[in-house]
Amino acid sequence: MATADGTGRSVGDRIAEHRAELDTQRVVLYAVLVGLVGFYLSPLWAGLTTAFKSQAGFINTSPLEPPTPAWFTVEPWELAFATLQGGLVNSVMFVVPATILSALFGSFAAYGLTKLSWRGQVGILVIFLAGVFLPYQSVLVPLRQFWSIVDLAGLLAFAPVLANRADLLELTITHTAYGIPICTILFRSYYKTLGDEMIEAAKIDGANAFGIYKRIVLPLSLPMFAVTLIYQFTQVWNDLLFALVLVTSRSNYVVTQSLNELQGSMAQEYNIQMAGAFIAALPTIIIYIVFGRQFAKGITGAS
Amino acid sequence: MAELTLGNVTKRFDDVVAVDDVSIEIDDGEFLVLVGPSGCGKSTTLRMIAGLETISDGRIAIDGDVVNDAPAQQRDIAMVFQSYALYPHMTVRENMRFGLEESTTLEKAEMDSRVEDAAETLEIDDLLERKPGELSGGQQQRVALGRAIVRDPAVFLMDEPLSNLDAKLRSGMRTELQRLQEELGVTTVYVTHDQTEAMTMSDRIAILDGGELQQVATPLECYHRPTNRFVAGFIGEPSMNFFDVSLEDGRLVDSDIEFEYPLSSVVRDSVGETTELVLGIRPEDVELLDARETAHDFPVVVDVVEPMGNENNLLVRFPDTDTESTFNVIVDGMCHVEAGKRYVIRIPESAIHVFDRETGAALHNREIEDETELLASRV
Amino acid sequence: MAELTLGNVTKRFDDVVAVDDVSIEIDDGEFLVLVGPSGCGKSTTLRMIAGLETISDGRIAIDGDVVNDAPAQQRDIAMVFQSYALYPHMTVRENMRFGLEESTTLEKAEMDSRVEDAAETLEIDDLLERKPGELSGGQQQRVALGRAIVRDPAVFLMDEPLSNLDAKLRSGMRTELQRLQEELGVTTVYVTHDQTEAMTMSDRIAILDGGELQQVATPLECYHRPTNRFVAGFIGEPSMNFFDVSLEDGRLVDSDIEFEYPLSSVVRDSVGETTELVLGIRPEDVELLDARETAHDFPVVVDVVEPMGNENNLLVRFPDTDTESTFNVIVDGMCHVEAGKRYVIRIPESAIHVFDRETGAALHNREIEDETELLASRV
Amino acid sequence: MGFIDRLRSRTGRRDREDRSERSRTDGQSEEPQTDGQRGELRTDGGSDVRTRGGLSRLKHSDAVQAVPFWLPPALLMGWFVYGAVGWNLLISLTDWSGLSQPDYTNLTLEMYTQMPNDPSFVAAFRNTVVLLVAFTVVSLVIGLVLAILVDQNIRFENTLRTIYLLPMALSFVVTAIFWSWMYNPSTGTINVVLSTIGLDFLTMDWIGDPRTRLAAIIFALTWQFSGYAMVVYLAGLRAIPDSHYEAAKVDGAGSLRMYWRVIVPQLSASTTSAAVVLMVFALKAFDFIFIMFGDNPGRSADILAVMMFRVAFSRTQWAYGAAVATILFLMALSVVAPYLYLQYKRGDL
Amino acid sequence: TEDEDPDEIDTGNGADDADDTGDSDSEGDLEIVHWWTAGGEEQALNALLDGFEEAYPEHSVENNPAPGGAGAAIDAAIQTRVIDQDPPSTFQIWPGEAVRPYLEADALESIDDVWEDEDAYVDGVIDAAAPDGDLVVAPINIHRLNNLFYNVDVVEDAGIDPTDAENPEDLLDLLEAADDAGYVGLAQQTQEPWGILQFWEMVFLGQYGADTYEQFLAGDAESLESEIADSLELVERISEFHNEDAGTVAWDEANADVITGDAAFHHNGDWAAGEYQGADGFEYGENWEYIPFPGTEGIYTMVMDGFVYPANNPTPEATEAFVSYCTTADAQERFNPHKGSIPPRTDVETDGFPPFLQDQMADFEASDEQTVTISHGSGLEPARADQVQEAFAVFTDNWDVDETTQELIGIF
């Protein structure tokens, strides 16, 4: 038998070695993985324990220790919630419509650009795609200018309920617009996987472009809507920058602003801040845990 | 049901001419199969008929009405796709109803009854409430057919509808499709690259190559009476053997290998003045002997014997040539042939084809007894 | 080069027994083809030999050394994958060198010369600097082969290496592969589900079904001397026709269709006491006549005629049976048969096989003249 | 009589026995179907398939039918993205500052020419580049390692993947709060952990000390986004056929060498796409720094995004802020444009 | 129970004419934007608003706090609204140069007419309230910045007497002694640049006096190069005695070191005293004390808050009333004890104030000079102030005296 490696060691020797290697390798692998879990979770864990500690408990214990009964308190949560309450409601009020609108628009655009074939769509697509990567700072000043010229509150003066929420409406429109590129890309990558033949079959079956969208593409997009909505919700919910610039009245503060306020107040009460951080992050964490797979799909679809 | 006419149809994609001046008249109720090598323009032709692709030149008419500019939605056609293209979110029933809902104003009850009738015919009536994802390939195939049938279109178009099925299922569906088309009598254009399908299903075969139509004829006509070398080589598996020869003194000669094949006057006459020729003979028409007997017998070396059980596939070559220039011979499976040995083959003159080497045109095709009977009609 | 022994090898995946107690001795330099229906355990067997899958039971030995527990890296094997598994970021040269670099301590120059030699043999020496993405399917296939060859391993393993190629290329590669293996004389195990490959390339065929080994024998032995009904039905295309019959008074009887087939005493004897039988006859062994002459002739209706040019494929059935129970008959292409008409078929006793209906075991196989010569060796 | 039977009877085809008699002409001998029969089935007069004019052709062309779908979103997005970028450019050419409205009559490049002399800009620019490169590289490396570890057929794979990716679901506001506390030199987890495991000498004032501040930010951002790189790489790894691993094994390569020589080189597409997205995250890291340090993080951690906000919104030097924003946009473009071009070349668009 | 129907009050308070009432009704609420959202600040504002509503029951208030980063967030919000000419009724601002951009944009109206008792104010306050000569911002409180707080026990333990320190250099000796005794010398935060900026301002003021400081504010930094460098160097040397975590903590965390007895000194505005008063068993005079920052005796460095009357005012009358009210003794008496600051007026009753503030009020009245600060917005217009902040952000990074000196000079 031609042993190509020239070592000439018997097969039996090599086997024994191999077996032992295998077991230790697995043990090390799991140890590393668990260590990494520690690394990724420790800030959250430390934050969680701290949020349940009194100020004294925070000072006197190490951050990773769970609170002992002596230091245990839920007061930080109550205080943080009191501060964030308004922001939470406001955030929900603009994040939900912004998310839905940008997903819908994205789906429209992707359908128009993918499933109906015509020249020049790549050009337009590139315009959409480049929008995904826009740093928001580059539009901040004009954005502020734009919304001061377009006086939504004034336009809506006839309906005071809306006029009072003009800031949130501005945020909704703004986030919708800036969400369109990524939603378009997400839907497009999905629509590309839908067979052309299916669309052609529908055409031959007599359906027009709108009918095809409504009866074929839209129902088939539902899983992608889940992905897009989840992704977009997280993005919009987590944003601070636009809110900083566009929201001027405190009654319209969104949750990230309220959370910042919690941090900005005079004394550094970490326990309250941590509780606040968890409260503000709760919707996204829940979504993430329940729809982890779709979330991952969303963020990777962006590339 | 309708007549379908392609008149000088051409399709250009940028600089590629995908379909080049193709004219075919397809009769009402006829089953026409389009075959040809990959990329020859089969799908493009079909898609132009369907209205999925614009027509660069020429005209397509259904029952005399030119439909060049009608959108797919308004041509009265139904198409079965290679991938079936079923709507995955709809049940079988909804899939089949979709076309009716979109293109007619039928009443619900009528739609349902049509769908159910078609489903019964196709023996998928118990699957009506399932989604395509829950069906096997063959069942999906039937649903795709059903979807086409319920619309009662003027023309059926099918683009390799069986190619996703496994061999066994394919041969079953082949028969069924053919039966159905005959029963319904709907004019059908069927694209395939599978010879068996082309030969067995069609009323006529249209053979395309490089976008150009080569021949439109019944299957056996194409097999036995090819109009040119391309068709002769394309139809038949293993394909016809070709030898480049020159005509010298009424004999076909390949001077490199001392091959001389005397021609009878009949063949001689049909060849005419052309001297650069190609001799064609199908593998199954070559006979294997132990010794030379006639002038049409030649010594050969058997290079490879591929026993298939029912027959043996031989790769043989003339002595003193290299392994590159082998040709195929098929002999009976019970006949024991040894690789590497010398044998004698006979190329019967009754079975030879002769082509013009330059144009490829067939100058002489083989003899057939009972010719009209064998070729004229589809069996 | 080496001998390869599989001794009672079993592979269980959770509750699936993928390979069940398989024993094969593969000789030094032999070309063994593993065939069987999809999911029968072919790939699993191969992967166990390669060391890519652990062995649940039994042992695998290369040249007498049991390698059950050796990792793939340390078994002296090379494998050609169905997908070729070329490394897309390396040039052809790098692909071919990779195995040498990883598993030997050869000098650079020696590696290069080996790679170039192999490339020359495979006629890919002008492709050495290209990346796999720039090669056609057939060229990739060759590179994959080359990668295996340079390593000069004890055993070649190939898992459907040709299935990604188109028909024409496949038959070319088939011959080439076979020639190469003969030249190199490396013990080879080759998995395929393609009959033609199995029949034409192998020294011996091993047929698996449901993880169990059915038969290991030369191709023609499998074709003409199947050990059981499964093998008889699996080998041969179109496959053997089977009829469920009972043995009554020395005749094979199907009372439903008034079928009576008298047996000669030779056959009678080989059948023994079993009465529930299956009669087998290959399509090409059935003869088509115009009128009954012997007791082995039966009236039939021809349902479908599929003209293939060189032959006609008939679907026939006994009168008064339904379309479900047709069987295949192959007749010459020049023979004009009309669908729907009645004919007579002859089932020659010399060509019949008889199986035990319950166990499937072959009780009688067909007669062959020249038996040893035809079956014993690979041609 | 069923629909199919109607079809059948219409065709005149009866039963199978007759089939062989059928010749090609018998189709023509049948009664032609009346137009009315089909016409009544159609809503749109579809049986009328005579040639229509070019207008109809245009109306039915895909290009025209696509317009209502993509144009409205394109306009909305186009205005807010490209309109705003253009407007921003325009503002950057004015000398607008303070609390009045801009004056567009006198446009100069002055804002740009003063940049090189502004140490604040130079520092922010340098930090932005450092952040971009270091953060991207570190995240990619960690992501790749994570992906390879997770790809080892491990148990609880989903759980682990979820955990590694979790930080990405959180707002910068939240993670900045967590990390500013993690980095607290006396009570923060990092130093507490370091001293409990006896590495006291490593404890530092991570975000107080300018030498470590940017590194600390990068580390925290890596914590947040390496999971993303992992997910991308995991997808890349999964796309490599098993047979490549197996071929390498059979070829005699050990695990490490297999990854190094066969697997990792095949992940270049994943690397590019992950790198681009990570860089864009880095350019957007404003929220994080703003929460941690306010709008004045010091030269050691200032980045263009923060500087832009500070200059424009704290100092009301709108034109200069817009100019900085333009530079930021150009940086993003310089990352994205080659990527898009590459994608286009590869035919992935 | 205090929420009585406004109409009822209206009728009961017949002094206002019907037009007024009608106007104030159509005017809507008085929208006040400020950043006082927590603790004593919130209480102080509420006390002020209560007083205002008592005095002007016809005006109702819409409290619109915009907190975060001591004014950082308010900037963006207010600026936008001012640019849009949609300002709130009134908003909080630092009297002094912070007002400058609004003046330049003609965004503020003069409040000369509604200002009550100009005589009750010292010059420094009037100057800050009228940067261009017209009064535009009504100050409501004054914090003092030039305090040096210390822990009495620590100081005694270290054997030092803070009152010995006559100038900033002397402080260095005190810190050294404290350090020798094992204490943190100076509890400080350097995470945000204003901490070290305000400290430098005190050092500079202490070393060179108010005139030189004013010269710097006026923009003549160039001729002060060596002074600036010297003062920076001293700051740098003092930084040796900072708490270790100065770079990561907020000021109140640093200040906690003084309360716990870990640190000897803390420099800050008198808001720091709020922390001491909040700590149990930590009494003024007994456990903690303060001195004016060494070298700044007789100077009162003011950190004020005030309210303005924006142009294009949505509620002119209510705003007028509110601004006017802010200048009254009543308003300032209500507001300041909670806020921990002193009233800008010198005629406010001291009884309601804790002893520490009473001492401060006395200092204020006795002060020769009142200066403004860069670190809290009143000394320089915002754009400059922000650049100075940035320069100090750099300084806390590298403690490079020369570089920072040049940068400071370069700003003007």
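A, B, C, D and E are the chain letters, set down in written order, and residue numbers restart from 1 in every chain.
Keep this in mind: a contact is a pair of C-beta atoms (placed from the backbone, for glycine too) under 8 Å apart; a residue touches a chain by one contact, two chains touch by 3 or more.
Note that the structure is a prediction, hence the values are computed from the model and not measured.
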*Figure out the least number of contact steps between subunit A and subunit E, where 1 means they touch directly.*
1
*Distance-to-centre winner among chains (Cα means, whole assembly as reference)*: D
*So which chain is the furthest away from subunit C, centre to centre on CA atoms?*
E
*Between subunit B and subunit C, tell me the centre distance in angstrom, where each centre is the average of that chain's C-alpha atoms.*
28
_Could you work out how far the Cα centre of subunit B sits from that of subunit E, in whole Å?_
93
*Using CA atom averages as chain centres, what separation in Å is found between subunit C and subunit D?*
50
*Averaging only over C-alpha atoms, locate the centres of subunit A and subunit C and give their separation in whole Å.*
55
*For subunit C, residues that touch 2 or more chains besides their own*: 71, 74, 103-104, 151, 338-339
*asked:* If a residue has to touch 2 or more other chains to count, which residues of subunit A qualify?
replied: 4-5, 206, 208, 244-245, 260, 263
*Per-residue multi-chain contacts in subunit D, two or more chains*: 16, 19-20, 46, 188, 252, 313
*Within their complex, state which residues of subunit B touch subunit A.*
50-52, 71-73, 75, 77-79, 81-83, 85-89, 98-99, 102-104, 147, 151
*Show which residues of subunit A lie in contact with subunit D when the two form their complex.*
4-5, 29-30, 32-33, 36-37, 39-44, 46-47, 50, 58-59, 62-64, 105-106, 108-109, 111-113, 116-122, 124-143, 145-146, 174, 176-178, 180-181, 184, 206, 208-210, 213, 234, 237-241, 244-245, 256, 259-260, 263, 270, 273-274, 276-277, 280-281, 284-285, 287-289, 292, 295-296, 299-300, 302-303
*Contact footprint of subunit A on subunit E as seen in their complex*: 37-39, 41, 64-70, 72-73, 76-78, 80-81, 83-84, 86, 249-250, 252-253
*Which bits of subunit D are touching subunit E when the two form their complex?*
97-101, 119-120, 180, 183-186, 188, 205-210, 213, 293-300, 310, 313-317
*In the complex with subunit C, residue positions of subunit D that touch it*: 16-21, 241, 243-244, 246-254, 257, 261-262, 265-266, 268
